[in-house]
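Submitted below is the structure of interest, expressed as structure tokens.
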Amino acid sequence: MAYFPILSFITFLPILGMLIILCIPGKQEKFIKVFSAVITGLQVLLAGIILNSYNYSLPGVFHQNSYQFIEKFRWIEISGLSWIGTIKIDYFLGIDGISAPMVLLTALISFIATLSSWNISKSIKGYFALFLLLDAGMMGVFVALDFFLFYVFWELMLLPMYFLIGIWGGPRKEYAAIKFFIYTLFGSVFMLLVMIGLYFSCTEVLANGTRAFTFNLIALMDPKNYTATGILSPFNPGNLRFAAYIALFVGFAIKIPMFPFHTWLPDAHVEAPTPISVILAGVLLKMGTYGIIRICFPIFPEITRQVAWYIALFGAINIVYGALCAMAQKDFKKLIAYSSVSHMGYVLLGMASLTTVGINGAIFQMFNHGTITAMLFLLVGVIYDRAHTRGLDDFGGLALKMPMYAGFVTVAFFAAIGLPSMSGFISESFVFLGAFSVSSIRIITIVSTLGILLGASYMLWALQRVYLGKFNEKWSALTDLDAREYAMFIPLTIIIFILGIYPSFMLNIMNTSVNSLVDFMNKMPASFSALKF
Amino acid sequence: MVQVGLNHFLIVSAILFSLGIFGIVTRKNAVMVLMGIELVLNSANLNFVAFAKYGNFGLSGQIAALFVIILAAAETAIALAIVLNIYKTFSTVNVDEIDNLKE
Amino acid sequence: MTEAVLLNISIAILLLPALGFITLILFGKRIPGPQWVGTSLIFLALCISIYVGFGKLAFYAGQNLIMEGRWIQILNVPVLGQVNFDLGIKLDNLTVIMLFVVNLISFLVHLFSMEYMRGDIRFSRYYAYLGIFTFSMLGIVLTHNILMMYIFWELVGISSYLLIGFWFEKKSASDASKKAFLVNRVGDTGMFIGIMILFTNYHTFTFDTIFAQIAAGNLPFHSSAWLTACGIMIFLGAVGKSAQFPLHVWLPDAMEGPTPVSALIHAATMVAAGVYLVARIFVMLTADAMLTIAVIGMITSFIAATIALTQNDIKKVLAYSTVSQLGYMIMALGVGAYSYAFFHLVTHAFFKACLFLGSGSVIHAMHHEQDLRKMGGLRKKMPITYYAFLISTLAISGVPFTSGFLSKDGILAGTLAFGSLTGHWLIPIVAFLVAMMTAFYMFRLVILAFHGEPRDLHKYEHAHESPFVMAMPLVLLSVLSVFFWYGLNPFNPSTGWFLDKWIKTPTTIVPQNMRFDFMKTEAPVAGSLENAKAGEVKTTNAPIAVGAPKVTKQNESETAIVHSEHYMHAMHQAHYPAMALSLLLGGIGILFSFLLYQWKKIDPDKLAESLKPLYKLSLNKWYFDEIYAATFIGGTLAFSKFLAWFDNKVVDGIVNGAATLTRMVSKLGGLFDHVVVDGFVNFTAYLSGFIGIFFRKFQTGKVQTYVVFVVFSVIILLFIFRPFF
Amino acid sequence: MNIYDIVFYLFAAITLVSAFFVVTTRNIVYSAFNLLFTFFGVAGLYVLLGADFVAVVQIMVYVGGILILILFGVMLTNKITNVQIKTGTLQVIPAVIGVLLLAGVLIFKVFLGTEWKSVKTDIPVKTTAFALGKLLITDYVLIFELLGILLLVVLIGAATIARREK
């Protein structure tokens, strides 16, 4: 294959777009919107190209050579720093079966969120510039294979999000934005600490045969690369790997968001404008679980096995707790926000099973939650745009006035409660089947199945309150969907159904990698003990 | 009482110098300031001459004293001209009232 | 007619209603006469299913036909190797009969609805929903693995949700649909746990493979308790769908849906799915599980029958009668009368559909009046409806020469045998009581609706016989409620082709020590072991590519080994006493209803007054709704409110508290910064300012001052440079 | 105590006392006259130091030139008719302290504190005029010439500055 840096392209295309938008006069609102849509559309196209030329048989995970679309060159090199020696940071991109679905999801959700940004009226130019920057940050997180680069993208995504909520948000936007920002930053600090600790514990063989400290995630996964005295080295008897794991996990757990770190989510969702909610639920939450699978699991396999029970427990708490909280909400967006908490619990539960089926389900659930919840938020956005309220009890009988809209709502709601033939069912079943097969978390899994029931309860209740029953004459001026809204919902609906009926579409992509990861996780602690761990 | 020697002259010169400084500092009248300067110059001259005698410098000290006298005369001439000019400008020669340097 | 053809056209049966659904949901509003699209497709499906049924029963009656293909395949799974999720259909006699039943009733309901639903604003949507329902139901019937069954199970749930809530403008309808879905979900959750147990142990969902493994002694988690638990968990799905106690509460409410829908879903097909499921997993039920099932069925049939005695809504009576009859079937499965349970399922489907459609016809004629107390005397106005209804009522009451007599008698005999063999006499006693109550309340219904004098003359005046498309299904279904379709002997069905040739009780495959005594076999059944081996071989076969399904044949005669002689003997002995007793009790029931309502010898109101507490209990449906509302629903809602409060105040409170604390600390820091650090800076500035001001004083512009400084400086310098003298 | 010493003390006393009055007398005219005595005293000291020519120049230039100039200045800047020819004083106290300090430092630290290599030479009792004249046109001729030019410049400059501009 002729070398074409497609990952760099897909990552930096939005930044290019942002720079161009910054050069366009702010009055050209229409042009800016169309231009942003074109940029994100191109991203989807690139993601499609990536998917098309993706090799399903290469596992990735901890084999550097079996990653795909690799781009690697030295980015930063500072030598002669007393005891540190030389700092070497690589610009290292690549995808495997774990990140490929996320890249696709990011491109897709960004495109759809761009379409739903049409109603933004305040400072279009700034909005779309920040939006594209956010897009680039998210994409970067999923393609980066160097911890430092990962961190850079992670932080890069944070700032535009802060402004997008803080400027274009609802009445309590400052509170929500600050809460989001501080929470995430709190997590990032932990991540930074662990990152530096890992850097000084692990070396990598350079081209000239010498060893140097490294941020390379793949090198970090191999215990052979660790130095004897590194603070996070498994060979150091006094190592701090457990503490580091917890710190890193908390950093990611905040993003997921895992109970009890979830309270930023409802606020952020409620205050954020619709497209940002979509991005937040669709992509941002996935970064937490992606980080756990990509970084926590293979770098600390032995600790992951130790704490898997607790991860599952928190997953179950997320599922049940989120569902119960959702049931009591009166704000439509808050309900969906809590349903996100609940649904991300499935991801945690699936991951904690450490089985192929469970992790496949978890990653698949990440993708499906991305599409389904994005659709839910878009649907809420539709009535919020029209009625300027989101109170569940303010409506009633909307299905009579807006039948097409209600149709999409029904699809999305039933997808969210895991109805078969829609994608959510497959991932939830996989998660449960995977988790149940592990004897230690079997009881937790059985408790989690309450989520199936509770999820259906609050969703159907909401559906009934808003869309069924007697039509509330107050809203007789509401109109059904327009062409742009169809353009947002139809692709999502099609994806939900296709992945529900033929899930192998997505499962084949990740399967090889997940198998490899599970294999790695199972073997790794054994080889540690062989190495006198 | 010791025999008069170099130190005696130096002491006289020192006192004279101090008095001259005192005059310069305390008096308001520009002419008085000028007189103080003359005292200071005289004390300096006295030192020159004294060292010329006791310091085995030959006559160079005296030559210097001569030059100082000449300069003092020139200085006085210029200074008085300035004082007159000041008087014409400010109608006073009191130096405390002439503080344009401040700005 | 090869097996492949049969299998492939059964897929066509499955997909035709789905095609109807997709067409109607997408283009329904643009198609003139959407009812013809749905009805013609279902008619086609019915024809094919008759063809399949004929082919299967005539040529492959002793064999099971299986076709499967990979749906999801996960290769190289650590430890396990390869995990497959298969799609497949299995044609056995049970399936083809169910295919026919479902398609026939669905077709008749389609036909009936043409008139009944005419002019509804969502007419095309109605036919679309009927399509998706039929599709899902056929899926349940056809599938060969439990995951697919669960999938279609849920789809049936959703289509029932859509159909019950079809008139969603009514609050009661949307409430009922929600209730139906959620109550079903409770059961489904249990079923899913059962599925998880099976998958965890056998890494497959295919029934045959699982059964083969169990037969080979490979129990779930190597424990018989888990096998029992697994059976009960899967049975929970049936509890939900077949409206068994304690999840029966949704079915009466589901009558909010259009009446033809009630006939299709809540009488004949969907609720029968639970029975079908239990029949499918019958072989893996342990004695404990079976006893549980029997008791649940018994309780259900009894409670529902008592409630049906006093209901005044024509559809409610039928609904509770349905629940009661479903309890019968479940109970029959529990006591091991597998074939009679299925037999009753089929006969009940026909006569209950007939009853519901008949009630629909009445309701239609009475302009959507459902209250029995306002009907009466309709016999003259609607003779076709009346006679069809009457035949069905006779059938359900177990009067000889009807199909219901045959199947019900079998079940009663089964319970009697069970009682005699195990000592659980309560079950047959309740079963006979229920038979009596059934006869009573069904005739009460007939008498109140069709006999006597009209109570609401205005409505009576306008009542008229239903048109052909509504009457024809009634006639057809009532004809199907007569005995000779199932066997030529009107008193003993076991010699008829239905039970002799088609439906046989399979041998249970659970370990011997976990069976009822009467189900034990003296030696391990050779066939099941062989089958087990075959099953094992099958799972290790080379992977089958999607799109190229594998077709297998299974010899059913090997698996269909009947109970021990002991049981057969007991069953035989029980047959005639049961028949006599049921006839007697049925007659008493009918007689009572005539005494009370036709001849008015006893005043029903007075009777009710004298039995007031019981009457109230029955009328208020044993207060189940109230109890559930107060406990589960109220509890969950209160708990969710509490949790939301907890989340908002405590969890978020901690976060905000932390933030406040941080802010306080930062304020303190700010104060420190302001007072001390900044103070220091300011002080420095002030000091330098002060010094400046101080020195400014010296900067007078006066030469003399400068001289003073010079002098002092000189002094200081002198001190500095000449310090030592 | 010989006659030399007595003469020294006499002249020193004249010099210092009159100098004291120069700087302390309020009346500017008195100051000017006291300055005259100071110059004389200094001239006497010069003689004692064997610098006869310098002493003569002192008297001629200072008394005959500079003092007259100063008197002219006094007269020109203070109306003679104005009875109040007295001048005010400034910063007397810091000045007293400073001056006392200065005097103390100069006397005790510098002059007495330094071990001067004094050579007791008997100055011949003959005029130094000849020798000075010789030095002025040999060793110091350049300075001598420059001073001449300076005086010329001062002459012109003073005239220019003092000239009343219209």
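Order of writing sets the chain letters: A, B, C and D. Residues in each chain are counted from 1.
The rule is simple: a residue touches a chain if its C-beta (ideal position, glycine included) is under 8 Å from a C-beta of that chain, and two chains touch if they have at least 3 such contacts.
Here the structure is a predicted model, which means the values were calculated and not measured.
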item: Of B-D and C-D, pair with higher C-beta contact tally; value: B-D
item: Intercentroid distance (Cα basis), chain D paired with chain C, Å; value: 129
item: Interchain centroid distance [CA atoms averaged], chain A/chain D, Å; value: 97
item: Distance between the centres, which are taken as Cα means, of chain B and chain A, whole angstrom; value: 91
item: Distance from chain D to chain B - Cα centre to Cα centre, in angstrom; value: 6
item: Overlap residues in chain B, where contacts from two or more other chains coincide; value: 21, 25-26, 96
item: Overlap residues in chain C, where contacts from two or more other chains coincide; value: 702, 704, 708, 711
item: Every chain pair meeting the contact rule; value: A-C, B-C, B-D, C-D
item: Complex contacts: residues of chain C adjacent to chain D; value: 702, 704-705, 708, 711-712, 714-715, 718-719, 722, 725
item: Footprint of chain C on chain A - complex, ascending; value: 179, 182-183, 259-260, 262-264, 321, 324-329, 355-357, 360, 397, 399-400, 414, 419-421, 425-426, 429, 432-433, 436-437, 445-446, 449-450, 452-454, 456-458, 460-461, 464, 467-471, 503-504, 507, 511-512, 515, 518-519, 522
item: Contacting residues of chain B [partner chain D, same complex]; value: 1, 3-23, 25-32, 34-36, 38-39, 42, 45-46, 49-50, 52-56, 59-60, 62-63, 65-67, 69-74, 76-78, 80-85, 87-88, 93-94, 96
item: Chain B residues within the chain C interface of the complex; value: 21, 24-26, 33, 95-96, 98-103
item: Touching residues on chain D, where the partner in the complex is chain C; value: 90-91, 94-95, 98-99, 101-102, 105, 109-110, 113-114
